[in-house]
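What follows is a set of structures to go through.
What follows is a pair of complexes built around chain A, which joins chain B in one and chain C in the other.
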Partner chain A sequence: MKKMKQTTLRRFISLGLLLVLIILFAILGGGLFFNADNFIEIVRDASVVGIVGVGVTMAIITAGIDLSTGSVMALVAMTMANIYAYTLWPIPVMIILGILVGIAAGLCNGYIIGYLHVPEFIGTLATMGIFRSLTYIIAITDDNGVIQSQPMTVYGFASLGYAAGYFYLVTIAMIVFIIVGQIVLKFTRFGTNVYAVGANKKAARLSGIKVEKTQLIVYGISGFCCAVGGIFTAARLQSATAAIGDGFEFDPIAAAVVGGVALSGGSGDVVGTLIGALFMATLKNGVLKLNMNTAYQYVIKGVIIILVVMFDSAYKAHMDRLAKERGAKEGAEE
Partner chain B sequence: MSGMNEIILEAKGIYKSFSGVPVLQDVHFDVRKGEVHALMGENGAGKSTLIKIITGVYSKDAGTIEWEGKPVEINNYQDCQKLGVACIYQELSVIPPLTVAQNVFLGREPRTFGLIDYAKMNRMTQELIDRYQFPLHPATLVENLGMGQRQLIEILKGLSQNSKLLIMDEPTASLSGKEAETLFHIIETLRSEGVSVIYISHRLEEVYRLSDRLTILRDGQNAAVLNREEIVPKKVIATMIGKIVDESAGSKKMLHSDDTAPVRLEVKDLTDPADRYRHISFQVHRGEILGLGGLIGAGRTEVVRAIYGVDKAKSGEVILDGQKMNPSPKTSIAAGIGFVPEDRRSQGFIPLLSTTRNIALTNYDIIRKKGAAVSYADELAMSKKAIKDIDIRPADPDKEVGVMSGGNQQKVVLGKWLMRDLKLLIVDEPTAGIDVGAKNEIYEILENLAKQGVAIILVSSDLQELIRVSHRILVMRKGDVVKEFKNEIVTQSRVLSAGQGILDEEEAQA
Partner chain C sequence: MSGEKKTFSVSKYSKLIILAVFILALSILRPKAFLTVGNISNVLWSVSVIGIMVSGTIYVFLLGGIDLSIETLCGLTAVVIVEVVTHMGNSVGGVIVGILAALGVGALAGLLHGFVITKFKVPAFLVTFATQSVFLGLSMIITNNKIVSCTKPKLFTMIGSTWVSIILMVIIAAFSWFLLSRTVFGRRTYAVGGNATAAEISGINVAKNTILCYVISGLTTAIGGIVLASMTQQAMASTGSGYTNDVITAGVIGGVSLLGGQGTVQGAIFGAVLMGLLNNGLNLMSVPSTQAGLVKGIVIIVAVAFDAMQHADQSRKKVRKVVKKA
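On to the complex of A and B.
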């Protein structure tokens, strides 16, 4: 009984935040903001954050973080650009190789964190730089060595940026990722292990869970999600540049936090992160549509994240106190 | 009763020493099927070491362990689990955001088509719950449960793996009375189901109530194995302390305290919000060392923490030199109260900082400032004075405290308070894990402080230390002060008995 109450309350809060934002922009912007096309646009914007957010959410649930997401996206896109520019390999092969590079980059993070025992924040901060550097090293240059954007306009690839019916393909992919991610977290042993590792590493180990392996897989998944995010981003731009995903890492983390994934680990899910991603996309869209100075959106994002984290820690303290009092009360009564 | 005598676990001739110091010597310990076997002994008697050898945390120097009659090697906790031994850790290893059932079957979840079958898992958990009558529900999130119920989940987890032997180390330490009662009930059910239990406890009444047999360790050796009918409080206490008790130094003393000295600290009706202590009232005079005795978990640490102001009391007053205090560490330090916490390493000092910095840390209000910066010369002078006054070794002010010996670390912790104009010093288990030589030096420091008029509250589980150093002793039990020893002859067994709730007959009449 209690279980439903607590997690649904947190879900209502993130949904409520999203709703308040939509209502606010609808009042301020009217039809300019509040129309079906615009909502499809918002969801499209949220899609890459949602896809990458699946991996980032898992990392945060293990009490970790992944700061390298934007760089992995760029590395994947640039790998594909090289294949596109210099080989005649078919598009599916190019995409698969891109995905493999993403998974490899993620496993790299997982190995550094799980087996070399580098703290998650530092480990992925370092690889964020490393992957970005690699991207610049393999970037396509002109004859004078100046880095160039590589157009990737062939229909077989660019069509990934198109819509099928009402929804963009990227949105459909995002929905698949969220559903699969939610099932993995909630209905597989691996998913339970992810929560256990994040909530109490020592206890997880005592229960026979291989903590390092769990971390390795989680960051591998995150790398896979980044690869898919990178592919859709390049397809939408119909080109790849070394600067893809620069500063992107902030968005999935912010989405997870707004969606109720506790940075201390052990709680949250990808559906929450989806709500958070929609919130972030709505914010960005509204600020644009209302002709506000876009610089403000980072202030608003930052303030909202601080408020949400403040709420979460206060809420956690409150729940801990309740649990303690409940224990004491059971002792006193009866 | 026929099957009852079958021995499930037997440890024979166990020896263990740490860096040359023998901790266990020729210890024998056996557990029968379906019995609750209690393990008692004073702090440092070797109980934990024995258990850690049985569960594979430590390796033994010599001896054998037999499981169901066959010799076994237990090298880690997994070996232990495979045999069917489950250890219920003091520091709980449940995962709060998961449900009861998820915790019980963690890593062994029943699956259909690769996905966890929650219905089946909850049903299996419910079956276990019904069988042993646990007050739990499979789908409750653990974070919504109290400590007692969380402990039950650990037991349930052990049972779900068909454990034949459960090891419980001080299981009631963090439980309320009602929770403990539930636990006892469950232990009795387990026994009737043929599960064996090793029950480690300081609390005689629990042992008396639950155990079929009792093994007492003293100084790393077997002192006695008592059958149920032989478990008589006085006998147990005498065995724990040893027969030679009355001759050994520091086990008996005539207490003297001077009531005419002005009252330094008065505590009135102090009560804890979580009910770990209630209506605590006492006075400490100038120059008096007041010992606080009692079992671990009796509420002593909580009381002194509330006096110092680290934790808040729900009600009650703390009056220092006639001045009513509003306890908080900051006001306490300013008013002249020093506090040497129980857990030296995590609360007493900062390991990576030097002696100088550690000593200066609480004293920046009295160290001269040079503009906005602190005068390093003054810091150093203070540190050198402390090193000289109480003989901190190595006598290097720049030495990191973390690499020093336990005794010297504690001297640094004491040293930072000695640099101040102290009125009251609270020391909580000041010599835990410290060698004998350094212990004596610390006692001397305390005695010298008392001579200078400082009032001292000493919390100690080391009976010898309590009796040797204190001028007056209060014994706490389950959050109440149950006994005061004052101007009379006090022995270890009287203090221990009082802590166990057994008050002297002559006292009861008075």
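On to the complex of A and C.
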């Protein structure tokens, strides 16, 4: 019961952070920031982070991390660009192949982490470089070998970047991802396994959970989410460049941290990450609308992550102490 | 014990063989380009920067930690020294103040990392991941997204000349070797990296030791930044980009376990030399730097997977021994 309260409180804190940021920018930016169109824009910005964040959240819940998300997005986009440029295959085939590449990349991560026992942040740091290099190797070049961006303007693909009614398609996809992600985590056996692996690997293994397999699937899902994120990014840009998603890996992790997904594993959910994604998008948008140097964004992002993580740690220590004291008191009363 | 010694000398031997094969391969594949004075000094440059940085970050690796902020901290310190020197009229005094300022920034960064990691029990990769963004932003703000350059005075440009930087690397590596293998602090670092709980119980101040290790890492990263700024006679936010991977790869090739507790400075320097040759080789084979990450990434994964396998083997052997005794 107490545990329940604690997570609810944490949810309020992340919502509070988001609210404070919105109010701050509304005061500083006025109507320029605070209008309906801009909020739709913010949600659109948050959507790709939210989609990719579903996979990253699962990885973090298993006490892991995925640093390769931006590179996988680029690899997927560039695979599709190659198919687009050199074949006449229909768009759905191109998209499916792109998704398969993303899943394969994710499974690579999962294999390296689960079966080769490479620590998550080192393994995905290495694959971040590997996938980015692969992207550059298959990048579209002109006759002189200079890397170019490949325009992908055919309606069947570019329409993925459009809006349906008030919301962009990417936002609708994000909502679907968040709902499905939340259901998978909370109401399926696989979801329970994910939490169990993150809370205590040894205990999970001893109670019969296939830890390696769970990790493999989690990173595969993360690869799938990255693929979808990459597809929507390319559709929005109506082109694919090798630099897509450069530095992107920061945002889903930051979103998860702000949303209360514990890096020690075993707790958190994708709804929290969604709030975090909205927070990051609001920050980016506000800095832009206030005409500040984009460099401030990097500083603020980093500082916020450190502060939130420090707060989480101090808060957890405090709650543990309270629980211990209560236990001692009850023991004394008995 | 004697068996352990024997395997150690064999592995040392194998490193020299790898190095020889590498140099031989490069001299055969690209004889005209590789064996020139200009190219050799290029290799030495690259080796010296990586060597300087890995001599300090090895302390973090030994703790089982990591520093993902190497490249942006390197950029920030490079920017700081160039800005200070130019603002102080390119004087010799400016260079000294600039060096002190850059070292101060590095030490402060390390202090911050160490403090947050020990006091709040936050994983090292997350803290350094976050500060990486902060440092990048700070250098962009300081330089206003531009390249700042500085070609005077002579003292400044001298630091990054081939021989000075190599000597600097040798001195720093020697000092780091001494600190690690001949002092109580070094012994404690191995102990904390091997098993932090056991170290704490046996009376080692783990928090203090950890913070010191991160400060050392910050200092050597700053020196790397100073040397880079002086070599290229300019600095920008992206100075040092790619060095995080290079330094980690150098450590891993040199037998430093990223799981903590194992590794030597000699090994790390060997890794730096191999990294320098690898970078140069890829360059001579006209592999663009954007594609070099493929090779480095695979090297990291293979080395760490091998390391993890050995760890698992060792613990299995230990269990077997205990079972046998019982």
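Keep in mind that, in the parts below, the second predicted complex is superposed on the first by the 333 of 334 C-alpha atoms of A that agree within 3 Å, B and C clash if a C-alpha of one lies under 4 Å from a C-alpha of the other, contacts with A are read in each partner's own complex, and residues count from 1 in each chain.
In the analysis below, contacts are C-beta pairs under 8 Å (C-beta built on N, C-alpha and C of every residue); 3 or more make two chains touch, one makes a residue touch a chain.
Fair warning: this is a prediction, and the values are worked out from it, not measured in the lab.
A.B. asks: If chain A is used to align the two complexes, do chain B and chain C fit next to each other or clash?
C.D. replies: With chain A aligned, chain B runs into chain C, so clash.
A.B. asks: Report for A:298: first if it touches chain B alone, second if chain C alone, otherwise both or neither.
C.D. replies: second
A.B. asks: Just chain B (first), just chain C (second), both, or neither: which does A:9 touch?
C.D. replies: neither
A.B. asks: Touch check for A:112: first (chain B), second (chain C), both, or neither?
C.D. replies: Second partner only.
A.B. asks: State whether A:209 touches chain B only (first), chain C only (second), both chains, or neither.
C.D. replies: It touches chain B, and chain C stays clear.
A.B. asks: Considering only the touch criterion stated at the top, classify A:266 as touching first (chain B), second (chain C), both, or neither.
C.D. replies: first
A.B. asks: Contacts for A:127 in the overlay, against chain B (first) and chain C (second): which applies, first, second, both or neither?
C.D. replies: Second partner only.
A.B. asks: Could you say whether A:288 touches chain B, chain C, both of them, or neither, answering first, second, both or neither?
C.D. replies: So A:288 meets neither chain B nor chain C here.
A.B. asks: Between chain B and chain C, which residues of chain A are contacted by each of them?
C.D. replies: Looking at chain A, the two contact sets are disjoint.
A.B. asks: In the complex of these two chains, what residues of chain A are touching chain B?
C.D. replies: Those in contact with chain B are residues 1-3, 6, 183, 187-189, 192-193, 195-196, 199-200, 202-204, 206-209, 266-267, 319-320, 322-328, 330-334.
A.B. asks: If we count contacts the way the header does, which residues on chain B are in touch with chain A in the complex?
C.D. replies: It comes out as residues 77-78, 81, 89, 92-99, 102, 106-107, 109, 111, 114-116, 118, 139-141, 143-149, 157, 175-179, 274-275.
A.B. asks: Where on chain C is chain A touching in the complex?
C.D. replies: Residue list for chain C touching chain A: 66, 68, 116, 120-123, 125-127, 129-138, 140-141, 144-145, 237, 245, 248, 258-259, 288, 290-294, 296-298, 300-301, 304-305, 308-309, 312.
A.B. asks: Using the touch rule from the top, collect the residues of chain A that touch chain C in their complex.
C.D. replies: Per the touch definition, chain A meets chain C at residues 65, 67, 112, 116-119, 121-123, 125-130, 132-134, 136-137, 242, 250, 253-254, 257, 263-264, 293-303, 305-306, 309-310, 313-314.
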